[in-house]
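What follows is a pair of complexes built around chain A, which joins chain B in one and chain C in the other.
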Partner chain A sequence: MAPADDSLYPSTATFEPVYTPTGGVAAPVDDTAAAGLDLKVRSQWSYARMRFFRHRLAVAGLIGLIIIFGAGIFAPLIAPYSYAQIDLYNILHSPTTIGHHYFGTDGIGSDEFSRVIWGIRTSLEVGVFVAVVSTIVGLIIGAVAGYYRGWIDNLLMRVTDLVLTLPALAILLAFSALVGNGSQWTLSIILVAFFWTGIARVVRGMFLSLREKEYVEAAKASGAGDGRLMFRHILPNTLGPIVVNMTLAVGTAILTESALSFLGFGIAPPTPSLGQLVANGQNYPTQWWLTIFPGLVIVLIVLCVNFVGDGLRDALDPQQRRVRA
Partner chain B sequence: MLTYITRRVLYSIPVLFFSTFFSFIFVSYAANPLLAARANPRLDPQVLQILIHQNHLDKPVLVRYFYWLESLFTHGLGNSLITLKPIWPDISRTMGHTAQLIIISETLAILLGVAVGIYSAIRQYSFFDYSFTTFSFLGFAMPTFWLALVLQILFVDIYNSWHVRIFYTSGLNTVPGGPAWSLDRAQHLALPVLTLLIISFALYSRYMRASMLDVINSDYVRTARAKGVAERKVIMRHVFRNALIPITTVAALNVGALLGGAIVTETVFTLDGMGHYFVLALGQGDTYEVMAYLLVTAVIIIVFNLIADITYGFLDPRIRYD
Partner chain C sequence: MPEPLLSIEDLVVDFKTEDGIVHAVDGVSYDLFPGEILGIVGESGSGKSVSTLALLGLIPMPPGRIVGGTAMFKGRDLLRLKKKELRKVRGREVAMIFQDPMTSLNPVLTVGGQLGEAIKTHFPDEKDGAVKQRVIELLRIVGVPNPETRYSQYPHEFSGGMRQRAMIAMGISNSPSLLIADEPTTALDVTIQAQVLEVLKRVQQETEAATILITHDLGIVAEMCDRVLVMYAGHIVESGTVEAIFRSPRHPYTIGLMNSLPKLTGDEEWLEPITGAPPSLINLPPGCPFHPRCFLARERCQQENPPLAPVEGSAHMSACHFSEELIGRKSKFSQEAVA
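Let's look at the complex of A and B:
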C-alpha cells in the first residue's frame, strides 16, 4: 500500500506507520480503500485488534498458547496416564511411542508426558490467577495512590522500597517456607503478595500524569466526581499498559513458580508442576528427557506469553511504542 | 551531591530496619531451628531447655528480633542457631565465591551485550540483528535453573561418552579449598558463569540496542551527520557514549535479580556460595543464618541502587540532585 493513500483516510483517525515484524515501515493495510470512500466506522478496539493480528510473532505466540494451555485445560482427556500412576516394570524408559510414553518415563515409571500435561495445568492456574488478582489489587491501590496522593501514596512507595531492597527470589523462598509446602493456590497468593507492587507503581505513575491533563480538568469543571473521574475518564487511558503488564505477569509468575518449586519451596507433590518435574529430572543426569521436556515447555509458554505481550503493546499502546524487537 | 548521598544513606537505615524486621518475623515463623534437635534422641531434654533459653527461643518473636539486632552489633551477624558457630566466617567465605561468580559473568555479559547491542542497532533488521533478537527472547523465557541443568547434562554426557573433562559440573575445586585463581577453578566456574552470562547477556544486549536506536534517531545525531561528521565518529562519539548511560543504571539495578539467579545457579552446581548457603539455612530452619544472608544482600542492593543514581548524575549532567 502506497503511503500516498493516507490522504484518503478521515483526518480523525490516527494512522501512524506500523513497524511490521518483518522489518521496514509499512502503511497500515486498509481493506476499505478498494471500496473508495465508503469507509467502515471502526472502534479503537477494532484498530487494536487489526494491529495485533498484523504482528506475526504475536499471532504465532497466541496460537502456541492456545495449543499449550488447551492441553493443560483438557489434561484429563489428553494425558494418556494419570500423573501419579506408578509402573515399576517401565522405569526410566527413553521417549517412545510404545505405550504412548512420548516423553519417556521417570524413576518410578510414571509417564512423563502425562505429568508434563498436568504440570501445564498447574502452571496455567498459577500464571492466570497471579496475573489477574495482582492486576486488580495493583490497579486499585495504584489508582488511589496516584489520584489522591497523600498517605496512601506514601505508604505504597515505602512498601515498594522495602520489597525492592531484598532479592525477590530470597524473600519469596522465605515466604513460602512460612506458608509451608502447599498447593498451587497458596503459592499463587504468595506470588500475588509480591507482584501487585509492580503493577501498582505503573498505574500510579500513569494516574499521576493523567490527572493533570486538560480533559480531566474539563470533566472536573463540568461536575464529575472523584469516582467518575478515576474510572470513567482516567482508567480507560491506562488500560493498554495494564493489559500488557498483566500478560507479561503470566510469564513471570510461571517462571517464578517453577524456580520456587525447583528449589523445593513451591508446589509440593503430588500436585505436579513443571519446576518440580525439572527438579526430579536433576536426580537423573543421564536420563536427559526428564529434564529437557518439562523445561522446554516452560520456555515455550513464557516465549509465547512474551510474544503476545509484545504484540499487545504495539496494538494497545501505539504512542508509547518502543523500538521494535 | 554530598547532602544527597547522606540523605540516601540515612534513609536506607529505616528501610533496612523495617525490611529486616518483617523478614525476621516471616523467617522465625517459617523456620524452626529446633526441629533437628528435638528429633535427636541422644540430646538431653534439659540441655535442650538450656539451649532454648540461651538463644532466647522461648521469648516472643518481637523480642527475639531485638536480641538478634543486639547480636548483630556485638557479635558480627551472631551465631548460627544450629551449629552455634559464628556466622560471619561462613558469610565472608561464601560471599567471596559468589562475588567471583557474579563479577566474572557480569563483566563478560556487559562487554558482549554492549558490543552486540551496538552492532544490532547499526545493522537494524539484518540477519545478525534477527539472530540475536531471537537469542535474547529465548534468554528472557528460559528459567535459570533449567539452563544450568541443560549445561550440566551436556557436559556430563560429554564426559561419559568421551572421557574428556572440559568443564566440571559441580563444586568449586577438585580438592575442596583449592586455589581461587587456577585452571581447576576456571573449569569448575565455567558452567555457572556461562549460565548467568546467557541470562544477563539477553537483558543487556536488548537494552543497549534499544538505547542506541533511541539516540540514533535523535536530532543532534542528525545534525552531526548533516554537518558531515564521519559515520564511525558519529556512532562512537555521539551515539555510543550517550547510549551507554541507561546501561549503567540497568546493570546496577540488576544486582537483585543476579543474586536471585545466583541462588539457583549455585544450588544446581553445588557451589559454596551465598545463595547455596541461604537455601541450606532455610531448609534447616536456621533463622540467624537466613537473616544474615538477607541483611547482607539488602545492604548490597541498597549500595548498588545508590551507585546507580550517583553514576547517572555524573554521566548525565542534566540530572541534578539537590
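Let's look at the complex of A and C:
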C-alpha cells in the first residue's frame, strides 16, 4: 500500500476501485459460449507438450533417458553389488547371468554392471549440477548484460569472450591438475566455470531484442521496476531456448566429465564414473566388456539427450504453430 | 478556472541521430484539467506521442533527451522525479494505453496474470485472491465476456478488440487520475474501433480520470474529446475546444487536416491532401514550420515563427500570423460539427 501521508496518493490510496460500475457493463460482443463454441484454455506449455510428444525421436530419447537415469537414481536398489566390492575369485569374468555379473567383472573382481550403474549416477549428478548451475549463472549474466546494455554489457561480454577463447580442454586439464582432488563436486564447479558462457550469450541476445518489445514498455509504463521487467516479463519469453540449452548442456557436461576422467584428471576411484570405467577398460584389451558397456552408456546418454533437446527446440519454438507431420 | 491536474510548460525533447539533432518536441505548453478528455492530433512525427511519453520517462535515453520544460502533476514536476518516484507514478497515478494491442500484451503470460501484475506492482501486499477478483471485475467493466474463463487465457486467444479492452482494463487497474491513450484504435478494425472507443469513454466517465487521447483521426476527436491540440513539427499550432476548432479552425494546417478527410455526405471524386511532406525535424524551415505547405504563406512567414496566441477568447489559440483571414472560412466539417 502506498503510504497514506504521501502527497501523491491522497484520495486513492486504497485498493478499492474509486468508481462503481453502476453505469453498466459494456455489452459483451463475442459471447462464444452463447455461440455454441467451447473455448478450451490451452497454454503455450500445453501446445509445447503436444508438439513434443508427436516428435518420435524425442519421445524415444526421453524413454531412453528415463531408463538410464532411472537406473542411476535408484542405483542402490538396482545394482546387485556395491561399486567397491571386490571378489578376487571372479576376476575378469565375461558377461554372465551367474551371480548377476551381466556386464562381467573387472581386474579386481568388481561387478561391472554395478559399477556402470553407479557411474551413471555420478555422471548424472555431475551433468545435472553443471547444467543447472551454469544455466543460472549464464542466465543472470546474460540478462543483466542484455537488459542494461552499455558498459555493463561490454564488460560482461568481454569476460564471456575471454572464457570462450580459452582452449577448454587444456585449461580444464590444467585446472583439474591444480585444484582437482578427484571429487566430483570440485570437477563440477570447474566445468561450470566454462559452461555458463553459451547460455549467457543466448540469453543476452534474447534480452537485447525482447527489451524493445512493446509489452515490456507497457509493463514499464505500468510501473514495473528493472527486476520485475527482467525476471517477470522478459525471462518467461526466453525459457524455450534456455531449456533446450540446459538439456544439451547435460549431455555435453557428461561427455566432458567422461573425457577428463578418461584422461585421469576427473573423478578418482573408487567412485566410479563412466569415463573412468572406459579408461580402466583400456588396461584389458581382450576383455571387451570393460570398455564397450560404459562406452555404450555414454553414447546412449548423449544421443538421448540430444534427441530430447531437438524435440524441445521444435516444441518450444513459438514461431511453429503447426504440429510437425 | 479549476486547478489543472497537469500543467506542461515549454517542454523540449530532442533525439540525437547520425544526421543531427531531431527536435521532436519543441516548446510545447498546455494544461489538462481533471476529468476532461484532451485530444492531440497531428501527422506522424509531429511529436504527439513523444510529448506524452516524456512525462513518464519512457523516451529511450539515449538517443532521446528532455532538454527543458516542466510538467507539474499534483504539485510535482514529473520531468524531475527520481527514477524510483517516477516508477510509483507510472501505472498508479498516470497510466498509459498503447497503440498496438497485438504486441502490448506479453505472449507467455496469461491476460489475468498480466493485469494482476499491474496491480501487484503497486500493491505488493495485496492477497492473490483479492487481486484476481479485482482483475475479473476490471475485465467485466471493459466488456470482456466470460471474464472468469478469459482470466486464465493467453493473449493469442484474444481477438484484437478484446486485447485492447484488456489493455484499457490494465490502464485503469489502479484507478489513475490521468490516462494517456496513444492511438488506442489505430491498429483495430473500423468496426471494433467504435466499440473500443465506447469502452474508453465509459471507463473515463466512471473513473473520472483526465484523459489524453493521441490520434490522427479527427473523427475520433470530434466524438470523444472536450478540447483538442493540433501539433505540427513538434509545435502546437492550434488549441481550443472541439466545438471551436471544428466550427471555425484558425490555422491553415487544421483546415488542411480536415479537408483531407473524406466526407460521407459529399460527392467527392478526390480527397484534398495537404501538399508537400512534413518537414525534416533536423532542419526545420526558418520562420513558421508550416509555411512551405501553406496556402496563406507570404514573406513574413519565412522569417518569423508565429507564437501560439489567443484568437477567440483565451481558450482558442492559433499559431498563425494571418489567422484573422481564416475567420468565416468554413472547414468541410463546419456545418456537421455545429449541427
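The criterion applied here is as follows: the second predicted complex is superposed on the first by the 278 of 325 C-alpha atoms of A that agree within 3 Å, B and C clash if a C-alpha of one lies under 4 Å from a C-alpha of the other, contacts with A are read in each partner's own complex, and residues count from 1 in each chain.
Quick note on the criterion: a contact is a pair of C-beta atoms (placed from the backbone, for glycine too) under 8 Å apart; a residue touches a chain by one contact, two chains touch by 3 or more.
Treat the numbers as computed from the prediction; the structure is a model and nothing was measured.
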Just chain B (first), just chain C (second), both, or neither: which does A:Pro236 touch? second
With both complexes overlaid on chain A, does A:Pro167 touch chain B (first), chain C (second), both or neither? first
Could you say whether A:Gln282 touches chain B, chain C, both of them, or neither, answering first, second, both or neither? first
After the superposition on A, what does A:Gly264 contact: first (chain B), second (chain C), both or neither? first
Who does A:Ile292 touch here: chain B (first), chain C (second), both, or neither? first
Just chain B (first), just chain C (second), both, or neither: which does A:Val302 touch? first
Does any part of chain A touch chain B in one structure and chain C in the other, and if so which residues? 23
Residue ranges of chain B touching chain A (in the complex, touch as defined): 15-16, 18-19, 22-23, 26-27, 29-31, 124-125, 133, 137-138, 140-146, 149-150, 152-153, 156-157, 160, 169, 206, 209-210, 213-214, 256-257, 259-261, 263-264, 267-268, 278-279, 282-283, 290, 293-294, 297-298, 301-302, 305
Contact set on chain A toward chain B in their complex: 23-24, 161-162, 164-171, 173-175, 177-179, 251, 255, 258-259, 262-265, 275, 278, 281-282, 285-286, 288, 291-292, 295, 298-300, 302-303, 306-307, 322-323, 325
Touching residues of chain C toward chain A in the complex: what are they? 56, 58, 74-76, 87-93, 95-96, 98, 100, 103-110, 114, 117-118, 121-123, 125-126, 130, 134, 137, 140-146, 149, 152-154, 157, 159, 161-162, 167, 170, 173, 175, 177, 195, 198-199, 202, 205-208
Name, in rising order, each residue of chain A that touches chain C in their complex. 1-2, 7-9, 12, 15, 17-21, 23, 25-33, 39, 41-44, 213-225, 228, 232-233, 236-237, 239, 318
